[in-house]
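We just call them A, B, C, D, E and F in the order they show up, numbering each chain from 1.
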Amino acid sequence: MFYTDNKLQYPVRVDAPNPLFARALQQAIGGVEGEIRVAMQYFFQACGARGNPKFRDMLMNTAAEELGHIEMLATAVALNLEGAPLSLQEEAAKDSAVNAIMGGLNLKNLLSSGLSAMPVDSDGVPFDMSHIYASGNIAADMTANIAAESTGRTLAVRLYNMTDDAGMKDMLQYLIARDTMHQNQWMAALEELGGATGAFPIPNSHPQSEEKAEFSYAYLGFQADGSEPAEGRWSQGASIDGKGEFTIQPMAPLGQVPDLGKAKPKSGAQSEQM
Amino acid sequence: MFYTDNKLQYPVRVDAPNPLFARALQQAIGGVEGEIRVAMQYFFQACGARGNPKFRDMLMNTAAEELGHIEMLATAVALNLEGAPLSLQEEAAKDSAVNAIMGGLNLKNLLSSGLSAMPVDSDGVPFDMSHIYASGNIAADMTANIAAESTGRTLAVRLYNMTDDAGMKDMLQYLIARDTMHQNQWMAALEELGGATGAFPIPNSHPQSEEKAEFSYAYLGFQADGSEPAEGRWSQGASIDGKGEFTIQPMAPLGQVPDLGKAKPKSGAQSEQM
Amino acid sequence: MFYTDNKLQYPVRVDAPNPLFARALQQAIGGVEGEIRVAMQYFFQACGARGNPKFRDMLMNTAAEELGHIEMLATAVALNLEGAPLSLQEEAAKDSAVNAIMGGLNLKNLLSSGLSAMPVDSDGVPFDMSHIYASGNIAADMTANIAAESTGRTLAVRLYNMTDDAGMKDMLQYLIARDTMHQNQWMAALEELGGATGAFPIPNSHPQSEEKAEFSYAYLGFQADGSEPAEGRWSQGASIDGKGEFTIQPMAPLGQVPDLGKAKPKSGAQSEQM
Amino acid sequence: MFYTDNKLQYPVRVDAPNPLFARALQQAIGGVEGEIRVAMQYFFQACGARGNPKFRDMLMNTAAEELGHIEMLATAVALNLEGAPLSLQEEAAKDSAVNAIMGGLNLKNLLSSGLSAMPVDSDGVPFDMSHIYASGNIAADMTANIAAESTGRTLAVRLYNMTDDAGMKDMLQYLIARDTMHQNQWMAALEELGGATGAFPIPNSHPQSEEKAEFSYAYLGFQADGSEPAEGRWSQGASIDGKGEFTIQPMAPLGQVPDLGKAKPKSGAQSEQM
Amino acid sequence: MFYTDNKLQYPVRVDAPNPLFARALQQAIGGVEGEIRVAMQYFFQACGARGNPKFRDMLMNTAAEELGHIEMLATAVALNLEGAPLSLQEEAAKDSAVNAIMGGLNLKNLLSSGLSAMPVDSDGVPFDMSHIYASGNIAADMTANIAAESTGRTLAVRLYNMTDDAGMKDMLQYLIARDTMHQNQWMAALEELGGATGAFPIPNSHPQSEEKAEFSYAYLGFQADGSEPAEGRWSQGASIDGKGEFTIQPMAPLGQVPDLGKAKPKSGAQSEQM
Amino acid sequence: MFYTDNKLQYPVRVDAPNPLFARALQQAIGGVEGEIRVAMQYFFQACGARGNPKFRDMLMNTAAEELGHIEMLATAVALNLEGAPLSLQEEAAKDSAVNAIMGGLNLKNLLSSGLSAMPVDSDGVPFDMSHIYASGNIAADMTANIAAESTGRTLAVRLYNMTDDAGMKDMLQYLIARDTMHQNQWMAALEELGGATGAFPIPNSHPQSEEKAEFSYAYLGFQADGSEPAEGRWSQGASIDGKGEFTIQPMAPLGQVPDLGKAKPKSGAQSEQM
């Protein structure tokens, strides 16, 4: 169950409203690296968490935090849209600066939401909830979260580098710090689940005796000339999960020429296929 | 540049065609955990890789492998669709078994593709390329790949557990082994990039002096009663990136009551908002 | 800012788990009439609310309530998925009942989320955040909310009629009651904004002197034979907004034959179009 | 069955083509508030209308009108795209005005459709037919239509305020008038269906005795400090549907701590979850 | 401008309602091969047609026809949904036939639309208007239409073969005939535009002197072993457009190893990439 | 099975990086006319090809070619993004040129991918794999491919006309040539399948005796005044498939007034509908 108050988690201040920066901030709301994504991802992972309840509690606790981040960013978007032009006067048609601002907006922020934030990314594409990764495997979920916070902090840093507005920089310093914590938080949870050698390969409940062992730690090459592919840590030494030894080998086809045979009568194919 | 031959990477054999299993296999083609996703993700990461070229080469090499996996699975889907009913004869209307099979299909596998595979998931939803995570940050990309292969192997294991078909089990044992390798491969690449203490927080090029340090390693609580949230490895001890110490603290609002003020004239709001 | 506790807003009990009902319940989570939609809609409307702050506060307060409804339903989905088959044994291939259950599932609930809820509808289609209507016009938002709760209660009633499970019926009686309240809540807010004669036509800030008055209250007919269309309250009497009188009239084209002229050189058209 | 002639419903004239305004107009075609939406929504509602046939007839009649609106707007988009630049000459690279126009376009209007309209919104996002609300409940449909026309008129007013082109303003005055009518039309239909006290709560066929009455007219509070939420018409007095009395009360969790127990063997979870 | 009457273009009769066939028919409404697609595709092509107005008129005329086909199919879906079960009674839980029917439905046809048609495909996926191909090139549009009607007739034939219902077979015989005509209609239009040798390569306005002539009629091979690919009409003889001679040749890379160099400072990359 | 090397199929050179042209090139990657589409379309058509295996081989061979085109274009996008601004300095706020460039970008190319290509179109909309037409009917597939290459070459020509960069023009001359070949290739394949008179109407396996012959070659009119629609090659002479004679006739409704009757009890409708 959720509760709210009427305050922001951290101060949101915009010194010089910039409609183009509002558009950029939309990526942090409705982009695939954004806050709707992490809020809903942790929420659904919590709802599906089986086993030790502390993971469920932690996930839902941080979901609540992320909901507050959406609220902060939505406020920042609206404040940055202050001063956006509402009309294309004839004189403006000659004024490239005004047109550049208008043309540089997500027009939906003006036409659909009346100078407010929307659950869309920086190019106006709505967020699609298929990006909520909640697998029912708690370790797989943690890897998805590390990935989400890695791209999330990368995005926040890009936004930070894009603006000179002191208020916005302050807010982003907070969000970047939280992304630092969350990267560590999910790595810590993964460590608690056994870390590289205990949790991997995910799912660790599947017996490795039931996989084709000769391919489990081989870096296969698909170079057209049959040469070995580029070497690296991944082609030699102990595997990271501690359960094998990396090898390297060019791959050749082991399977047949696929042949589906003729089309079935009444299946809508051409006569020549039957 | 890409090349092909006319053979499959690994043998694909279906002993007892099962249209419902064909539907399940679609998830491994067009699901967010599927092979189109990893093939295209590694492809686009390769195309955008800056810095040491060995990462580009490795990514593109494995992209080629994954394209072959799509081909294998597409063949498996078509072979499993053999024997799917094409009609709802009146007698069948009374035969719940036939109806159960027909109703249990992705009907598009019959109506749109004529008993062949499609780039859709197990519920017929087309794959959406927004799931291709290629961030321009090579370490963030590796975390996305670990996540993709974690859910990928989880999916392959679920498919493996779902079927008793010896041919399908053999094919899945190969794919599960490859997922084991790929989880290790991306972890190895991350290790080469510095591992937990060198690569994190991602992006490591951003000076941590420019984040709000007091929030960088704090596990914040958002419990309605102000209590501390569930403890774990994430609330105490050294942070995983080795750059801080975890703490735990309930959070209170630091920000203002948000106030956007009145709506602008001619902005399409109600008069009462102005 | 948001908070959570570890309890459900209302008891969720499933007496006889039914995987097909789990699928149906997904519509109330990720369908366009579902709880993600209302939670996020009220949330974004709150974030963009200008004018009297009591609307913002009310919207965010009820957004918090709806988040708890998602949590309840996600729990109900997972509990109903208990007992779903995980495999298609050969014997099951002959057992239409098992196949019917497996085929009747959203397979993603098994393959992607491991018997947990997902932010998808009852046919496995992910929720798309373009359904979050937050217009920046507070009265338009209230009409969107009345609509959302009308289809929401209709859905809840259909789910209620579909099940005989006492636990599920109890939970749905609560949710149906809340939909009753919320229909009334948004109608009450609209009344406070002036009701039919004060708030309409929305936006009421636009001077009606700047619309083509002869078409503002005319029920136009588009019958192929030029006859008058079906009459009703909408074709006679005072208009509901109290600002006009309904009339009825067949419509004839007032505009020109559209003619875009020739294609521009170098615009990629055929030579014949230039 | 549908018919057409070769004329526009109302004159479409563009005095000074403006490619950026073309982009804005796309919202009125393919935006969620746009004309494809209402045309198809009324069309599908008509096709599914059960009960008194006059509703079906009215809905289909107005669907025909809206199809003509799409045609008008598509013509307006194409006419506004006249004069859009087709090339980024080197000299233009230095000319910010040209670049601003090119960059401010939906590039698809140039690259995909050759300076013509598309079924996309003002940011180039294609219309998604999930926005066609046709519930099978005639009163719920009317509320969806009031909402659609409320955001539709808001959008048309914003477009009207954005342009100074006399031709475009004239066309929009017509469309705004039609939106005024249609808001009234659907409210009139709702009145004919019983109005607030007869049609609500929707669906009115569900016996209110089968909902949890103590929650049917209570404005519940989800304030973190347990205080009462903001008061309004929605927290006191008779309910709008005339069937209850509004109350206000802070909410506490009535349900359990959710517990899904352990993961099932072979369900793809980690061993630690079992 | 569009008009309607209250009758169907062709009789729609369902002798034995079959909810699973209703689901299949949805593909012909909201599938990518369906009637919404062709109706809207011809509509938008008409709206963007430049040059000889007879093409615009023809396109819009046939768009009107296709709107009537949607109406017919929507009626057929609703009639087939008659008799669909609305509840999962406990006794039904034991009755696999009822469950098979319920599980085989698009549940949205029950839960969202109340036993009526929706603009979704046979797996419940909503139609996405990005499938409206209207290129501004009239010959390219004709090829898109031939393709649409080819898959359209294939779908109609599959539906025809699926059912034994005399009413449905009669309706589909009409729709199949119309698809026959429309395939011919668009081929005839293409012939009028010059046919294979006059209209191709599309766009014919682009001077072929400005393409790399040595690659314009070469069937290039991408076989891993450097062998020639499978021969056919496409590898020898005059080209179909009459402007070249087909050749066949294995391809080797002509371009460089791509190298994007180092990442820019402050671009969010890892330090190691800079 | 697929292979790669580390070189580009054709040289990619950008003389003067232009971020706006990078955005335009995205359409050729992730637009519906782009290279992901053709690569994946030929790939899936190959995987589902039944009958003569030479079609499968040819399709997969050309799929490999198109994968190389994506790689070329992704390189071109990244090279054109060189020099894109990363920040909105205060001074830049006054500099409309910088703002015009920033505002004219797909911001995701900066914020999500760090100045690299993405699988999105020129307005930032991700590619949706529902555009992969693979019907199981080989002739229908060929028509889809002719259509894809027709819009593909049209797009390439528009890009060619948009740029003055010698490197980009050279690359596009190659791609335009390949589109010329591919249009011819698929027409040649269609010829081998029987051409207009042998392959059409598609599917040619369906007996035309089972369609309503009187409508198979009639150009029906849907003009509101009952007049004949615009004449053309499609209204007279032998049909293109050689199996009929075109006629022309205004259409009148042959079907009934649709009537779904009353809503079922417990179906969620209003009482008035029952």
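By our rule, contacts are C-beta pairs under 8 Å (C-beta built on N, C-alpha and C of every residue); 3 or more make two chains touch, one makes a residue touch a chain.
Going by UniProt, the chains are A, B, C, D, E, F = Catalase.
Bear in mind the structure is a predicted one, so any value in this text is a computation, not a measurement.
Student: Copy of B-C's interface among E-F, A-F or A-B, judged by over half the contact pairs being the same?
Tutor: A-F
Student: Give the label of the chain whose average Cα location is farthest from that of chain D.
Tutor: Centre of mass proxy via C-alpha means gives B as farthest from chain D.
Student: For the interfaces B-D and A-C, which has the higher count of C-beta pairs in contact?
Tutor: A-C
Student: Which whole number of Å gives the spacing of the CA centres of chain D and chain F?
Tutor: A distance of 28 Å separates the two centres.
Student: So how far apart, in whole Å, are chain C and chain D when each is placed at the average of its C-alpha atoms?
Tutor: 10
Student: Quick check on chain A: which residues sit in contact with 2+ other chains?
Tutor: 1-9, 32-33, 47-48, 50, 53, 56-57, 61, 64-65, 68, 71, 75, 78, 86-87, 96, 100, 103-104, 112, 114-116, 120, 123-126, 128, 130, 135-137, 139, 151, 154-155, 157-158, 161, 202-203, 206, 222-224, 251, 253, 255, 257-258, 260, 263, 266-269
Student: Mind listing the chain C positions that touch chain B in their complex?
Tutor: 1-5, 47-53, 56, 86-90, 93, 96, 99-100, 102-104, 106-108, 110-112, 114, 120, 123-126, 135-139, 193-194, 199, 202-206
Student: List the residues on chain E that touch chain A in their complex, please.
Tutor: Result: residues 154-155, 157-158, 161, 224, 266-268 of chain E touch chain A.
Student: For the complex, which residues does chain F have touching chain B?
Tutor: Contact set of chain F toward chain B: 1-9, 30, 36, 40, 43-44, 47-48, 50, 56-57, 60-61, 63-65, 67-68, 70-71, 74-75, 78, 112-120, 126-130, 132, 134-137.
Student: For chain F, which residues count as touching chain D in their complex?
Tutor: Answer in residue numbers: 16, 18, 20-21, 23-24, 27, 31-33, 96-97, 100-101, 103-105, 121-125, 151, 154-155, 158-159, 161-164, 222-225, 251, 253, 255, 257-263, 265, 267-274.
Student: Contact residues on chain A for chain B in the complex?
Tutor: So the residues of chain A in touch with chain B come to 1, 3, 5-12, 32-33, 53-54, 57-58, 61-62, 64-65, 68, 71-72, 75, 78-79, 86-87, 114-116, 125, 128, 130-131, 133, 135-137, 139-140, 143-144, 146-147, 150-151, 153-154, 157, 160, 173-174, 176-181, 183-185, 187-189, 191-192, 196, 200-203, 206, 208, 210-224, 229-234, 239-241, 244, 246, 251, 253-258, 260, 263-264, 266-269.
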